[in-house]
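Presented below are the structures under discussion, each in the form of structure tokens.
Look at the two complexes coming up: subunit A is in both, with subunit B in one and subunit C in the other.
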Partner chain A sequence: MNNAIDSILIFLVLTDLILLGSSRLKNAIRFVALQGLALGLLPMLAHSQGVVWHAVLLGAGSALLKGFVFPSLMNRALRETNANREIEPFVGYISSLLIGVGVLALSFWSGARLSLPWEAASLLLVPAGLFTVWTGLFLIVARRKAITQVLGYIAMENGIFTLGMVLVEAMPLLVELGVLLDIFVAVFVMGIIVFHINREFDHIDSDQLAALKEGPP
Partner chain B sequence: MILALVFIPLLSALAAMLIRPDRPRRRLLVATAAIHSALTAACWVSPGTAAPGAWVGLDAAGRLFLGITSLLFLAAAIYASHSLGQGRAARGRQTEEDTGSVFVNAPEAVFTACLLVFLSTMTLVVSSQHLGLLWVAVEATTLATAPLIYFHRQPSSLEATWKYLLVCSVGIALALLGNFLVVVASAAPGGAHGTLLVPDLVARGARMQAPWLKAAFVFLLVGYGTKMGLAPMHTWLPDAHSEAPSPVSALLSGALLNCAFLGILRAHSICVAAGLGDFSGQLLAGFGILSMGLAAAFIANQPDYKRMLAYSSMEHMGLLALGAGIGGAAMFGAMLHAVNHSVVKAALFLLAGNFLAAYRTKSIARVGGAIRLLPASGWLWLAGLFAITGMPPFGTFASEFTMLREAFAQGRIALAIAALVALAIAFAGMSRAFLGMALGRVPEGVVAGRERASAVLPSFVLLAVSLGLGLWIPHGWASVLEQAARLSGGGAP
Partner chain C sequence: MNTASMLHPLLALLLAPLLPGVINRTKAFFAGRRGPPLLQTYFDLWKLFRKGAVYSRTTTWIFRAGPIVNFACLLAALMVLPLGRVAAPLSFAGDLVLLAYLLGLGRFFTVAAALDTGSSFEGMGASREVQFAVFAEPALLVGLAALARHAQALSLTPIYAGLSSASWSVSFPMLALLGMGLFILFLSENCRIPVDDPNTHLELTMIHEVMVLDHGSVDFGFVQWGSSLKLWILGALWTGLMPPGATGRPLLDLAAGVAWMLVLAVATGIAESIMARVRLLRVPQLLVGAGVLCALGLLLTFR
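Right, the complex of A and B next:
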């Protein structure tokens, strides 16, 4: 059991690093989708008392959403907007990777320092989750396209989902499903807005959305 | 009862999507708002007791904020049913003179439906007793309001919507992490019995694990603070509140910011029960004073009157956080101020909508002589100036006075003086702008028709409520405010 969980978490960390270094939007979408699929297995594995229908439902729902629905939404947005397939970063790929490695070390350090009141399913759970959250946040601030920011948001959500696995037993199913529904609608609405941004401005570079910026007081 | 309050607007939203003609749909909006208000009033008259372990229930704080939300929605619905009819003459095409862009509006059915979903989600926020459910509801309010902000299909609204959606979604995602940390803090050493039910968490008191609870509070404060518009997470607020159509701005400023504040208050009350009230209070006061200072700086030289109102909301949210952070009687003041600020700010945003319709500009410099052009709106605008800047006899004076007196009584002189300075700067900036708009001469070429009752009456009633609260707080109200303050870890004078 534990080996499977660890492999998934290592896969998560590796895909984060790929996301930081990849220059193709299509690739980035694919890897975020793979993350979502792999994470769908976690709730079933993380439960200590074998298979629980609550965990199976949660995992299947999340895998379906993040593995299939989101990528098809994003690919559609990409096609419709005819966006340049490059990611166009503010921070270069190499420096992004270097920052990523630094943050990874930091995540492991802080993960080791936080002593959970109980044994988590895997020692890697907290560091991998933290690292994914930071990667998502970094993608949101350091990439230019609106669509990459949506990807960053999904990656961040993946990280939070991983951290939530520490306490699978305490979160009621209804709330988890509510969270999933909210995220689904959020990404859906974001997709629509990306589409409108493209029609209104002929680009989806969010850094050029600066008409409302305030001067110094 | 609560279920009815949540589901009636949802069903109406569904119906609004299906109704083709505009008039019946507008009537449906107002009727739903009226039913919601009536049910809310019933909750006030006979407050039921929430079953232990229930996820939804209305305690005093929930009742207070539900009352504000429902009243404001009724006012905004009446106003919207009038303002939606205005665009007809121009066949949907409107020009914004500030940017010169020509735009059309989003379909009215979608707008009405989103407005009703917004009401339903806000009701769920104020009646949640479960932090997880609260999170789901708060995120849902963000999603319901994003299409409302993009009602005027023009580039600036789109920019505001994108910022709002992204900044708030990311912020609220951090609050989800905060929820996880609360579960960890509440669990026994073996890992069992973690919970997210607010009454249970408060009852556990000092048995919560302090370091985890502290971390949880920081995440919850940053997460819901983003939504509440506390500096430095406020960047989306002035854009969204100024670009949204006026009834939506009124609801965003008056009702939604309070909902986020309630989320923070729930976390604060858990901290106070666990003996960490000093820690969470200090943080709240710090964020509060920072927001007040920054907002005052932006108000001072603001050329756009809707943005000025938005920054003023940010300032008052800072004041609420400050009052909650000081605690004691200041918490009572903060509760009273939440009510006062909501009604006054909603009234002002609705009046700003009247000016925008008549002058077709948001620039303060290009609006003048409102008292002559739109007498009712002009005079109410002046009354609103006194109300929002905390002049007696309006209720804002009483609530600000209560908070600052408690700050002085606790010996936190520097904090109180800093707050006073920020209030004074905002007063100077706002009175200069408001007086210039109300008095002065009417710009050439601006003509306005007769003012309709549905455009002015909501603001009049809201301002009258604030005036009434300044003169006399009914006994039943005072006791609800007091209970709400005690629930949130404060006291009453």
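Right, the complex of A and C next:
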């Protein structure tokens, strides 16, 4: 039981590291989707009273959304924008990986120091969740393509979901469903924005949006 | 210490040249060819050891010492290396660091001998070898540190003696991470396919082969035997992780270790058949990945 949770969390950490180190957008989308699917199992395993219907519903809903709906939206955006890979990220891939290891150690360190109201289902839960949140933030900051930034946003939500597992006994279903709905709307809107940026400027490099200004009349 | 642990270094010396044969036969099977005979490396060694040596006048004693010192380092490493549950002939606190440094010393002399020829081609190979070692050696040490912390011991023999099927069910994630990390290291340190292609003599891809181009005859024999031994040594670090635990009969443990070694050779052949060599610029990324896997394993032992 505990080993299964640990394996899922380690899978989460490893996919985070792959996200930090890979340049292919298609692979990145696939790995974020796999994260979502794996996290769908977590509420059932983390619940101490065995299978509880709202935990199952929560897991199934989030797996459906993150494993199938988001990837298909993102793949659509990818197809329409003809962007295959991140060409020149602000932070290189090897240094991203090394930063990732440092942040991982940091999240283990701070995870051990956080005092939790409940005993977490696994000692890895908090570090893995924190690391995923930070990976998402890092992707948003350090990558150029708008699609990777959306991916970072979803990865961040995966991290928040993982951290939420500490409170799985106490958290009402409605709160988590509300978060999921927010994310869904956000990804939907971002997909549309990515499409429009691409149609307007022929690329989705968000850093060049800073140079946006009105032309001479 | 018992007969099995005395037998292991001898067995390693005798059986190591079989591993490249098994790998090549597996690759040939995947490609639909018949492939070279299983004992091809032995034939090569037999041929090389009967030849006379020719040395270039521009080389010094360093060039001649290279293969010998490398082989001697690997022999010394065999003395502290357990094979699965079979204890090593020598075991003392800190021998895992000695093992890493012996491999490093062997590498240093191979590189120095390559530089001694003054050939720019060999200098290129030496530079690549050292560049990748910068990433591979920390990963190996971190992996060994994780194992040492898991077993609460500083010597390879007790570290590997403590592992069994039970430890797989207790700390499955950590052992799986280390298994993946050490397998990548095994492939890269032995210049197998995701890093180097042992088949080609193309300057774009070569690392290890290019460093030994000027060695001939007996020296080259020791180079080849040495590279099979390195395959065995790094392989033993990986196979030791695998179940089953100690059976109580040392000879049975030895047989299990050798069987796992053959499984590893077949797995290497399969990996080489289904993977492409990664671009040279991406190799550091692969090795950092291996280091990350080992580091994650180490972090898991701190719970």
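Here is the rule we use: the second predicted complex is superposed on the first by the 206 of 217 C-alpha atoms of A that agree within 3 Å, B and C clash if a C-alpha of one lies under 4 Å from a C-alpha of the other, contacts with A are read in each partner's own complex, and residues count from 1 in each chain.
In this section, a residue touches a chain if its C-beta (ideal position, glycine included) is under 8 Å from a C-beta of that chain, and two chains touch if they have at least 3 such contacts.
The model shown is predicted, which means the values in this text are computed figures rather than measured ones.
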{"item": "Overlay on subunit A: subunit C relative to subunit B, clash or fit", "value": "fit"}
{"item": "Which superposed partner A:V52 touches (first subunit B, second subunit C, both, neither)", "value": "neither"}
{"item": "First (subunit B), second (subunit C), both or neither touched by A:V133", "value": "first"}
{"item": "Centroid geometry (CA): angle subunit B/subunit A/subunit C, rounded to a multiple of 10 degrees", "value": "150"}
{"item": "Which of subunit B and subunit C A:Q149 touches, first, second, both or neither", "value": "first"}
{"item": "Which partner reaches more residues of subunit A (counting touched residues only), subunit B or subunit C", "value": "B"}
{"item": "First, second, both or neither for A:V91, with subunit B first and subunit C second", "value": "neither"}
{"item": "Contacts of A:L41 with subunit B and subunit C, given as first, second, both or neither", "value": "neither"}
{"item": "Touching partner for A:V69 - first (subunit B), second (subunit C), both, neither", "value": "neither"}
{"item": "Touching partner for A:A60 - first (subunit B), second (subunit C), both, neither", "value": "neither"}
{"item": "First (subunit B), second (subunit C), both or neither touched by A:L104", "value": "second"}
{"item": "Gap in Å between nearest CA atoms once subunit C and subunit B share a frame through chain A", "value": "22"}
{"item": "Touching residues on subunit B, where the partner in the complex is subunit A", "value": "99, 130, 132-133, 135-136, 139-140, 142-143, 146-147, 150, 153-156, 158-163, 165-166, 169-170, 173, 176-177, 180, 183-184, 187-192, 194-196, 209, 212, 238-239, 242-243, 297-298, 300-301"}
{"item": "Contact footprint of subunit C on subunit A as seen in their complex", "value": "3, 6-7, 10, 13-14, 17, 21, 93-94, 97-98, 100-101, 104-105, 108, 123-124"}
{"item": "Of subunit C, residues touching subunit A in the complex", "value": "169, 172-173, 176-177, 284-285, 288-289, 291-293, 295-296, 299-300, 302-303"}
{"item": "Residues of subunit A that touch subunit B when the two form their complex", "value": "116-119, 133, 137, 140, 146, 149, 153, 156-157, 160, 163-164, 166-167, 169-172, 175, 178-179, 181-182, 185-186, 189-190, 193, 196-197, 200-201, 206, 209-212, 214, 217"}
